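Next come two complexes, and both contain chain A; in the first it sits with chain B, in the second with chain C.
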Partner chain A sequence: MLALSPTMESGKIAQWSKKEGDPIESGDVLCQVETDKTTMDYESTSEGALLKIIAPEGSEVNVGDNIAIIGEKGEDISELPSETVQPESEKKEIAEPEQATHQKNPQEKSILTAQPAESEGNFPRGVPVSPLARKMAADKGIDLHSVKGSGPRGRIVKKDVEGYSPPQPNLHAPPRGAALRDEIIPVSEKRRVIAQRLSNSFYSAPHYSLSVEVVLETLLSARTRINKSSGEKISLNAFIVKFTAQTLVNHPMVNSSWEYETIHRYGTVDIALAVAQPDGLITPVVHDCETKGIRQIDHDLKELIGKARENRLAPEEYSGGTFTISNLGSMGIREFTAIINPPQAAILAVGEIVKKPLVDENNDLAVHNTMMLTLSCDHRILDGAVSAAFLSDLKKFLEYPIEALL
Partner chain B sequence: MNEKYDLIVIGAGPGGYVGAIRAAQRGLKAAVIEKDKPGGVCLNIGCIPSKSLIHESNNFRLIPSLKELGVKIDAEEFDYRKVFERSRKAADTLSKGVDYLLKKNGIELIKGIATLKDSSTVLIDGDRELTARNILLATGSHPRQIPGFEFDHKQILSSDDALMLTKLPKSICILGGGAIGVEFAHIFNAFGVDVHIVEMLGHLVPLEDDDIAAELQKSFSKRGIHIHTLSKATTLKKTKTRCKITIENVEKNQETLSVDQVLVVVGRVPNTGKLGLENSGIQTDKGFIPVGDYYQTCSTGVFAVGDVVASPMLAHVASKEAQIAVEFMAGDNPQKWLDSNHIPSAVYCEPQIASFGLTEKQAKESGIPFKKATFPYRGVGKSVAVGSPEGMVKIIFDDKYKEILGCHLVGADATEIIHELLLAKKSELLPEDIASMVHAHPTLSEAVMESMRAVEGWAVHV
Partner chain C sequence: MAEKSMREALRMAMDEEMARDKNIILLGEEVAQYNGAYKVSQGLLDKYGPERVIDTPISEEGFTGVGVGAAMAGLRPIVEWMTFNFALMAIDQIYSNASKMRYMSGGQFGVPAVFRGPNGPAEYLAAQHSQALQSIYAHVPGLKVVSPSTPYDAKGMLKSAIRDDNPVIFMEAELMYGWKGEVPDKEYLIPFGEAAVKQKGNDVTLLGFSKPMSVILEAAGELTKEGINAEVIDLRSLRPLDEHSIYASVRKTNRCVIIDEAWPFASVGSHIGWLISKNCFDFLDAPVELVSSEDVPMPYNHTLELAAQPSAEKIIRAARRTLYRE
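Coming up: the complex of A and B.
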C-alpha cells in the first residue's frame, strides 16, 4: 500500500471495490482506505487481474505492506511467500512470480507452511492464541487484545478466555448514576494529530485576540431575499467566507504564513472552515475564494462539509488553506477564541446571532441582530494595528456589503 | 564427612534419574542415591523387560502365518530362557545407558540405602551424611500383595517374578485385569500358556473406556484367553505342583481353577515406609507422600515425585513430575502441576491400547454436554494390508466448541499414534486442525484423521 498523503503511516481497508478475479485497469479504484483523517479511494497503478486480496476488509495495514496481488489473469501465485501481510522492504503491488520460484530455500518453505489463520477474521495478526481459545473468544465476543495469555510464550489459551472478565467499575466509589464510569480511552490517530498540531500552534505562535461586534441587519435581509428567489438556500457561512476573502485581499499580511526566516504572503485566498466530526475536527478548504462568487463558495462548502462529516475528504481538500474560519454560533456560543490553524497567520471565530439593544448615533435605542467576531492572531506576523485594521474592515464589509465591491 | 549439594535425589528410576539430569542441565550440583541398579523398576523389572518380552511374543505369534506360506518352522526346540535373556539384555543395556547419562552430566551416583535425617540431610546406609538445599524423593513402588495370596515367588508370583521366569508354566491364573495383567496375559498366551485372567471390575483394563476394553476382550477371547470379570479370587490351595484357586463372581457363582502358577498383579505400593520421612515432618497418606505445587512436600526443600505420590503410577508421569520439581528448584517457572488430561496411558498387548482424557462414562458423570465419534481401523487401507484390521479410534468431544475431551485407541501401534491426538489436546487444537491435515497414505494415522473427520461429520472411508 502506498502512502496516500505525506503523513500517512497506516490505514484500515474499509471496503474492497474489486473482487479476486476482476480485471484491473490503471486508475481503477481497488478499495477504500481509512486513515486518521479521512477515507480515500486507493487506485491501482498497474493493470491485469486482481489475483489475490491479502488484506481483507477491516484489517489494519502499514504503508509498504502488501494488500493485494495483481498479475496476469490466471497466473499461478502458489509459489509466493505466505499470505499473511508482512512488511516488505519494497512497496510492491505486483507479484513477481519469476523471483519467487527461484527462491526455494528452507526459510521460504517455513513461511509457506506458516499458519495464515492468525490473520483471518477480526483478530489482528500476531496475537498468539490457540485455535480453541480463538473459537471461544469469537463465540463470546471477547476481543483477544484485552486477554492476557498464560500459555507458552504468552499464548492465549482456553482458561484465559474462560477466566476473562471485562474491566470492572471501581467498586469502592460511592454509588453513581449509571451514566458515569471511570474509563481509560486509547487516543485515536485523529485525536493524536489534532493534539499535536494545535499544541504546536499554541506553543509556537504568540496568540492574541481582537473582537468586534457586527450588526447583521443588512446582510441578513439580503440573504433572505436571495434565498427566497433562487433554488438552493445559501448558508450564512458562505457570505462570511466571501466577505472575509475580500477583506484579506485588502490586508494580505493576514493571508500569510510565518516561515521563520521569511513570511509567505499567499497569492490566493483559500479559506478553511472548521467542521465538527463525531470523533474530532477537520478543516476543509474552499480554494480561490477571492475569485469565486458566494453561490459557488456555498456550493463548495456544502460538498466539503458533507464529505467531512463522512470522513471522505481527500488530502488536497483539507490542506493548503491560507486562513481559517470557525463558527460555533449554531451551538449557542456568543464568542470564543480559536487556536490558529498552523501555519496560518490568524483564525476567525464566529459567534451566534443575538438580538441586542444598541444605542445608535442619535443616542436612540434599537434592537439589532448582532454577531461577535473574534480574530486570533500570530504576533510573529501580525502586529495589533495590522490585525485591527483587518477586523474593522471585515466588520464594515459585513455591515455595508456594497463597500466590499469598491 | 559432610558433602554439600544443590540437590540429592533418592532413587534412580525414571523420576530420579531424569530429575537429576535436568538439575545438572540447569546448573545444579546433584547426587543420586540408588540401592539397586540405575533405571529403577521401569528399566530393570518393569516397562523395558516387559516390552522386550511382548516383542518376542509378537514375533512368536507370526509362526502360524508363516507356516501358511509354506515355511517349515519347528518350534519344538523353542527355549523360553532365551527370550528371557533377551529381555535382560535390553534392561542391562538401558541401565548402563542411565549410568552413562548420569556420569556424562557430572552427577554423582552413590550406591546405598538413603534415609532422611532431616529436611536437608540424607544418610546413606545409616552413616555417611550428605546435605543439600533440595531433596527429591523418587523411591518408586513395589508390587501389592493380596492377603491369602502372598508371594512365594515360586507358585504365587509378583510381576517381578514373572519377568524373571526362565521357564513357562503350562497354565497360569492372573489376578488383576489392569494394564500389567493384560500384558502378561498376552505374553503367556502367545507362548502357548493356558491363561485365566480375573478382574474385580466390569471389564479388563477397567481404567480404559468401555468400548476399548470390549474390543480387547473380544480379541483375547478369540485367542482362547479365559476372562473372568466382576470376579475375585477367594481361596487358594497349593500343592507341590499345582495351585487350586477358587474364583467367585458378583452373582456368587464359583469356579475352581487348577493352574501351575498364580500371578498377582493388583497394583503397586509406594516405597515410603523406611525413608525416615518423620524426621522431616512428613506424614504419608495411605502410604503416599502429600505434595502441592511443583511437587513440594510440606517440608521446605523436600520434593516427591513418581510412584510415591498419588498420581498415576506411570514412568512418564514420574519423569514429568521430576522435571517440574527440578525446574522450580532451579528458579524457572514451570507449570505447577501435571494436567491429568494430558497423561497418556499405554497398554502394549495386542491389540494395543492408548488413551488420555475422559472416558465416555466419565464424560457422562461429569455432566459436560459431550458427543462421541468413532472410526474403525479397518476403514484405513494400511490396517487391512498388514493384516491388523481390528481396532478403533474413539473421540469424546465437547458439544459446543468441539474441544477434545478424551481420545481412546485400540489397535496396532495405538501407543505411537496417540501422540498426534495428545499434541492436539495439549495445544488446544481443534478437530478440524487434524481433519484438514494431510496424513500420509497408507498409514494407521489416517484412522486418527478420519476419526476427527467423523467428529466434523464427514468421515470419508466409513
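Coming up: the complex of A and C.
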C-alpha cells in the first residue's frame, strides 16, 4: 500500500470497490482506505486483472504492505506470497488465546467468529438506506452516520441527504429527556490518531502558555467598513490569520519545529486552523500566508472549512502547517489553553470578543471590545521572552493594524 | 379527427391492410358470417369474400395451427381468438411452433401471423374467463407481444403487427372495445418497442399498459391534487420492451409503481421490477411497488371482482408508499 498522506503509516481497508477477477485500469478505485485523517479512494497504478485480495475489508495494513495482486487474467500466482491479512476482529481472537480457555462450549467461539463485520462501507449493517441516498452521500462525501433517516425503520432517503447540513459540532448538553445509557463506542481511526498525536505532543513538548488581552476597536471598525464597501463579508479569522502570519515573519523562531538534533525554521508561513468535525477535528492549512492578502486568505479559509465539514479535504490541504490557530470564540469561550499541534512550536488559542470597561492612561473609563489570546509554546524551542515578544507584537498589530506595515 | 371506438379502429387497420395486400387472411370463430363475436370484423366478409375471411369450427388448437401453417406457406394470416381464455387450448401451437419456427428451421420458415383477441379481466365472467394472460406469451422468446390502450394506438399497432414478419400476439382488453378515441383516417404505423409518455412528472413513475391505463391516469390526477406529480408511461409493447423510456423516467423520479392486471407472481410487471432494480439500483429511493390483481382466481361476485383488480385507490396508495407518505 502506498501512503495516501504524508503522515500516514497505516490504514484500514474500509471497503473493496473491486472484486477478484475484475479487470483493472490504471486510475481505477480499488478500495476505500481509512487513514489517520479521513477515508480515501485508493487508486490503482497498474493495469490488468485483480487476481487476489490479500487484505480483506476491515484489515489494518501498514504502508508498504501488499494488499492485492494485480496481473494478467489467468496468470498463475501460486508462487507469489499472498498470505491473507487477518481482519482486526479475528486478530484479537488470536492475540488473546486465554479467552478461549474460559469458554466452556467450543461452539461459542465459532459463533463469535462467524459474526459479520460490524460495518460495511459507509454504514453499519442493519440501518437502512436507499440505494439512491447511499450513492448521493458517497458522491457528496457525506458520512451516512451523521444523517438521520425519515423513511420506514429510519431508512435514509434522498430528501434526507439533500436536506443534510454538516453538523455543527454540538458540544452542548443533549436535549432534555434524551435517555442516558451505558455505551461502548468504538474508536474511529481518526479519533485514535488525534489521541495519539496530542498525547505525544503534551508529554514530549514541555508546554507553557502566555496570555494577552487585545482591544479590537480599530480592527472591528476597519472590518465593518471593508465589509460594507465590498459587500463580501470577510471573517475575523482571516484578519487574525494575516496579522499572525505577519508577526511570525518578524519572529521566525515561533514558526519552527523541534527535530531533536536540529530546529527546523520554516521559509513559509502556513497557518492551520482547527475545524471541528463530528468525529474529531481537522486542521486545514492556508499556505503561504505571508504573501497573501486578507481577502485571499478569507477566500481560502471559506473553501477549506467547507471542505473540512464535508470531509472532502485532500491531504495537501490539511498537512504541512507551520503554526496553528484554534478559535473557540463563537462558542462563548473567553480564554483557553490549546495543546500544540505537533511538530509545530506553538499554537494560538483565540477567545470570545467581550465588551469590557477599561481605564485608559487618562484614567477615563470606557467600554471596549476585547479578546483574550493564549499562546501555548514548546519550551524546547521557545523561551518565555521569545514567545512574549511574539505575543506582544501580535497584540500591537491587532490593536494598531498600521504597525504591521512598518 | 373522427372519434372511433376501439373495435372500429381495429377494423380499420385490418381493412386497410387487407386492401393493400391480398395475402392477408382473417380466420377464427364467427369472424365471417356473424361479423365477429365482438363485431371487430364487421363487413369484412362482404368486402373480401369467404376465401379471405374464414369461419372456423370451435377448435382453437386446430385453426391456430392452420394459421401457423398458412404463414409458413406464404400467407399473412390474422387469427382471431374469441378470447385469450380459449386460446389456452392453442398454446402448444404458439409455444412450440409459432415462436420457434424460424429458429428450428434454421431461418427457412418465418411465421408472419397475428394472433389477436380480447384479453384481461372483464365483468361477470368468473374465474376461467376473466384473466390477464400476457405473461404466458411474453415469457417465450420468438414472439412479439403488444397491448395498446387507445383506439389510436390500436389501429397503428395492428397495422405494424400485420406487416411484421414475426408472430405477433396482439392483446385487446375485452372491456375496451367500446371505448372511443380520436383515430385519423390517414395511414399511420406505430412501431413496437416505443412507450408513450402520457403525463410528465418528477415525483414518481407509474408504468402500465392496456386497460389499466385509465385507472392509472385517474390515479395520477388524484395524486396531482396531493401535490404529487406522477410521470405516467404506457408501455404499449411488452416485447420488445422500451427499457430506455422506463429507465430514463425512474432515474428522474427515483420511484416507481408498476401496474399490471395479471397476477403478481412471475408476471410482466414483476419482471420489469427486476429490470429496474438491476439497471436503476443507484437511482432508487424507495422499493419498487407492483400493483397487480390479487393472487386469487377471479371472483364472480362483482364487488369482489372489482376488489381483486388494480384500482386508482391502490395505485395512489402505492405511489404514496414510494414517497414515504403512507
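Operating definition for what follows: the second predicted complex is superposed on the first by the 231 of 406 C-alpha atoms of A that agree within 3 Å, B and C clash if a C-alpha of one lies under 4 Å from a C-alpha of the other, contacts with A are read in each partner's own complex, and residues count from 1 in each chain.
Basically, a residue touches a chain if its C-beta (ideal position, glycine included) is under 8 Å from a C-beta of that chain, and two chains touch if they have at least 3 such contacts.
Only a predicted model underlies this, so the values are computations on that prediction, with no experimental measurement involved.
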item	value
First (chain B), second (chain C), both or neither touched by A:Pro131	both
Contact residues common to both interfaces of chain A (with chain B and with chain C)	130-133, 135, 151, 157-158
Chain A-touching residues of chain C, taken from the complex the two chains share	254, 281-286, 324
Residues of chain A defined as touching chain B within the complex	130-133, 135-136, 139, 151, 157-158
Interface residues, chain B side, partner chain A - complex	400-401, 403, 427-430, 432-433
Touching residues on chain A, where the partner in the complex is chain C	130-135, 150-152, 155, 157-158
